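First, the structure itself, so that you have it in front of you.
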Amino acid sequence: MITLSSYLMISLALFLSGLVVMISRKNIIAILLGIELILNAAALNFVAYTRFVNDNIEGHIMSLFIIVIAAAEAAVGLGIVIRFFQMRESIHIDDAAQLQS
Amino acid sequence: MSSPNLDVYMPIVILMAFGVVAVVGALLFGRLLRPSNPNTLKESPYECGEEPIGSAWSNFNVRFYVVSLIFIIFDVEGALMFPVAAVFKKFNEIGEGAVLLGSLLLFILVLVLGIIYCWRKGDLDWVKSFKLTDEQIKQLNGIEES
Amino acid sequence: MNSTIVSYLSQFEGHKKFISILSEALGFDATYLVAFLVFFLASFIVVNVMALVGGLGTYAERKISADIQMRQGPNRVGPYGLLQFLADGVKMITKEDIIPRNADKLLFTIAPLMALVGVFGSLAVVPFSSGFILTDLNVGVFYLIGVSSLVGVAIFLGGYSSNSKWSMLGGMRGASQIISYEVPVTLSILAIVILAGGLSFSTLVEAQGGMPHQWYILHNPFTFIGFFVFFIGALAETNRAPFDLPEAESELVSGYHTEYTGMRFGFFALAEYIEVFVVCGVAAAAFLGGYKVPFDLGTGDLLVNTLHLPPIIGRNIGQILQVGSFVTKTLVLYYIVIWIRWTFPRLRVDHLMTLCWKYLTPIALFNLVGCAVWLYAFDGQSVWELLSHLGGASSGGH
Amino acid sequence: MFDNILFILSASLTVVGAFSVVLTKNLMHSCVYLLAALFGTAGLYATLGADFLAATQLVVYVGGVVILMLFAVMLTGGDQDKENKFGITKVPSMGNFKTFLAGGVSALVIALVVLRLIANVAKQNPQGELPEFTSSVVAIGTKLVTDHVLAFEISSVLLLGALVGAAVIARPAKRGE
């Protein structure tokens, strides 16, 4: 039986995986992967609530904009990573402690 | 909660399963037929007979990234424009086409601004062209003469 | 809302009778089981026909190239060398399976799988006829764009995992080329979607007619240019010459599949040939009228009325005509693709990017705006309809 | 019947992919597992009747974001020499026992809290009759140009900002700089 809670559990699993990835990794790109997982968990929740609780399409629109923002975030974030690598030859999160190069 | 409308995804799942079965099946079936006597030389990466130096997983030029960056922005804009494009005809039939055309054109205009910026700044050039100074041209000519 | 091959079959009496008989025999409602069986059978047929098309594609490629270069081509195995692809298959399956020493074993294994899964997934929405379409998704075109981008990831991973410099270069080039050319392709399809008013393939095709002047390619000047933009972009997306830089044998040995042997290489090649068929099919469906047959023969009404056939036979004959029409258009495009390969020299990589970003993408954007304005200004009428309004009966000459 | 199968397939793909992203030590592999998780999420959207979102997920993530990630790994992951000029390893660790402990503990705490909430949700909302699936494309398109037209236009400005910003940041340094 598929209910709302089953979708929420999957969303929770996605969120927790993203959280653990973000906390435990020291690689900036891996941290961005974790952010993608967390954003997906949020979008999945919106769609699940749209289906099971109130049947209007607003949740889909919210998820659509979450996807848009996730893509923009990934583009800018990876741009910063690449720039940082060009300057410091490192993608270690602890090296990114200074605001100036 | 049987919902027959989900059946439309059944062929997709079946076809993807066929893809997996084809690859796995052919590799397993082939294991019975094909020879297997690997040696060091055979397993080395092909480099025209030379001994490979270093790993191939090295740094690449950043222009690959810039291309994929522009692509993903266009991709997302396409994803936003598809539903609007799908309802354009319906809106036009009820006489509200002007509003939709205006918002669509505004959307595309902003998109075009981005690509014009990248064009002017040279991000769309695969090989960056640059102008030589007179001194450099002289140096180049000197090299050719000597 | 979504029509599938099952919903087409379920309008016949025999299908209902079969379900009821099976339900009685098995003791439960067999609708699901029959739907699954029909889908399984249809998918099986499609996959096998596509594998045949892929195999015959290699044969056609060699034969046409031989024809263009005034050679014989394969002519030893079977009549006219027709069974050459079977010989190739047997050869590939008995070849030794070599994985390079420093390769990434996991990714090396799943890269061909990903390519084949992506291509097979895109087969589900190809509209062979109004009845024989495996599933007519509401988001058909968009789904096809998405699922076929798996091939780009597969090519990149194939290049990366081999840990060979040639493969790596080929993979990087392939991925950046595929994603670049996806932009003009998507924009060209978007223009058609604006005119047709829907994303499913049946909407796209039903908005056109059987005769050439009812096709979207001749609908207005923008779609005429849009077809060529789409076709060039599709050539590049499937890594066909003159855009076969990822596997340019004169500079990159064999590109992203340099280290692949035997069946693993075979799957990459099969995926490429099937993808060519799929993009040709999409071009035929979106621009060339798809499965539409002239004089509305496809619905079977004309046959039923003139020859007094029973409607069920007339409709099925119509379906066969529709499949014939679609396959003919697709194969003509397939021939043109091969013809182009053996006619044009390969592009240089910077020319490739210039062509995509500085020519095709602006043209496609212009087409998109043009189609939107055309739909608004002329209520979606084609050039011919406008001319017939203007010139009355004299438009027949155009 | 089939919706259960589709749900189980996509859910297992999603969960296995997400957990593999956590467990693997190889950055390239974790990108591929992320691809699996996102693919499964697309399947979950399909089971929820959000066909357009499922296709968008495929187009944007599978074709876009994952390729971008793979490219970024290739642009930064050179292991020709393991150490850079500052004496630190170029390819940093994918976490050690200490960081995984911290992550695991915080995940456990959050999981307990959220499970408590989900239990409430399951109690309070008894499953009613679900609405039929309808095509979401037309509805989304209509909403995008009527109620949410501002968000639609602003998102294009956001994407313009992202394009210009990322291009400026990532542009290769000029010669002599």
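Lettered A, B, C and D in written order, each chain numbered from 1.
In the analysis below, a contact is a pair of C-beta atoms (placed from the backbone, for glycine too) under 8 Å apart; a residue touches a chain by one contact, two chains touch by 3 or more.
Quick caveat, the model's predicted, so the values are computed rather than measured.
Interface comparison, C-D against A-D: more C-beta pairs in contact at A-D. Ranked by how close its mean Cα position lies to the mean of all protein Cα atoms, the top chain is B.
Taking the mean of the C-alpha atoms as each chain's centre, chain C and chain D sit 29 Å apart.
Taking each chain's centre as the mean of its C-alpha atoms, chain A lies 5 Å from chain D. Rounded to a whole number, the gap between the C-alpha centres of chain B and chain D is 18 angstrom. Across the assembly, chain B contributes 1, 5, 7, 9-10, 55, 57, 60, 62, 64-65, 68-73, 75-76, 78-80, 82, 85-87, 90, 111 as residues in contact with two or more other chains. In chain C, the residues that touch at least two other chains are 1, 36, 137, 142, 160, 172, 175-176, 179, 182, 198-199. Each of residues 1-2, 64, 67-68, 71-72, 74-75, 78-79, 82, 86 in chain A touches at least two other chains. Chain contacts in this assembly follow no simple pattern; the graph is neither a line, a ring, a star nor complete. By the document's touch criterion, interfaces exist between A-B, A-D, B-C, B-D, C-D.
Across the complex, chain B meets chain C through its residues 5, 7-12, 14-16, 18-20, 22-24, 26-27, 29-31, 33-38, 40, 42-48, 52, 55-57, 60, 64, 67-68, 70-71, 74-75, 78-79, 81-82, 85-90, 92, 97-98, 101, 104-105, 108, 111-112, 115, 119, 124-127.
Interface residues of chain B facing chain A in the complex, by the touch rule stated above, are 1, 62, 65, 69, 72-73, 75-76, 79-80. Against chain B, in their complex, chain A makes its touches with residues 1-2, 64, 67-68, 71-72, 74-75, 78-79, 82, 86. On the side of chain D, the complex with chain A involves touching residues 3-4, 7, 11, 14-15, 18-19, 21-22, 27, 30-31, 34, 37-38, 41, 44-45, 47-50, 52-53, 56-57, 60-61, 64-65, 68-69, 72-73, 75-76, 84-86, 88-95, 99-100, 102-104, 106-107, 110-111, 114-115, 118, 121-122, 125, 127, 130-131, 136, 139-140, 143-144, 148, 151, 155, 158-159, 161-163, 165-167, 169-170, 172-173. Every residue of chain C that touches chain B in the complex is listed here, in rising order: 1-2, 4-6, 35-36, 39-40, 42-44, 46-47, 93-103, 112-113, 116-117, 119-121, 123-124, 134-137, 142, 160, 162-168, 172, 175-176, 179-180, 182-183, 186-187, 190, 193-199, 253, 258-259, 262-264, 266-267, 349-350, 352-354, 357-358, 361-362, 365, 368-369, 372-373, 375-376, 379-380.
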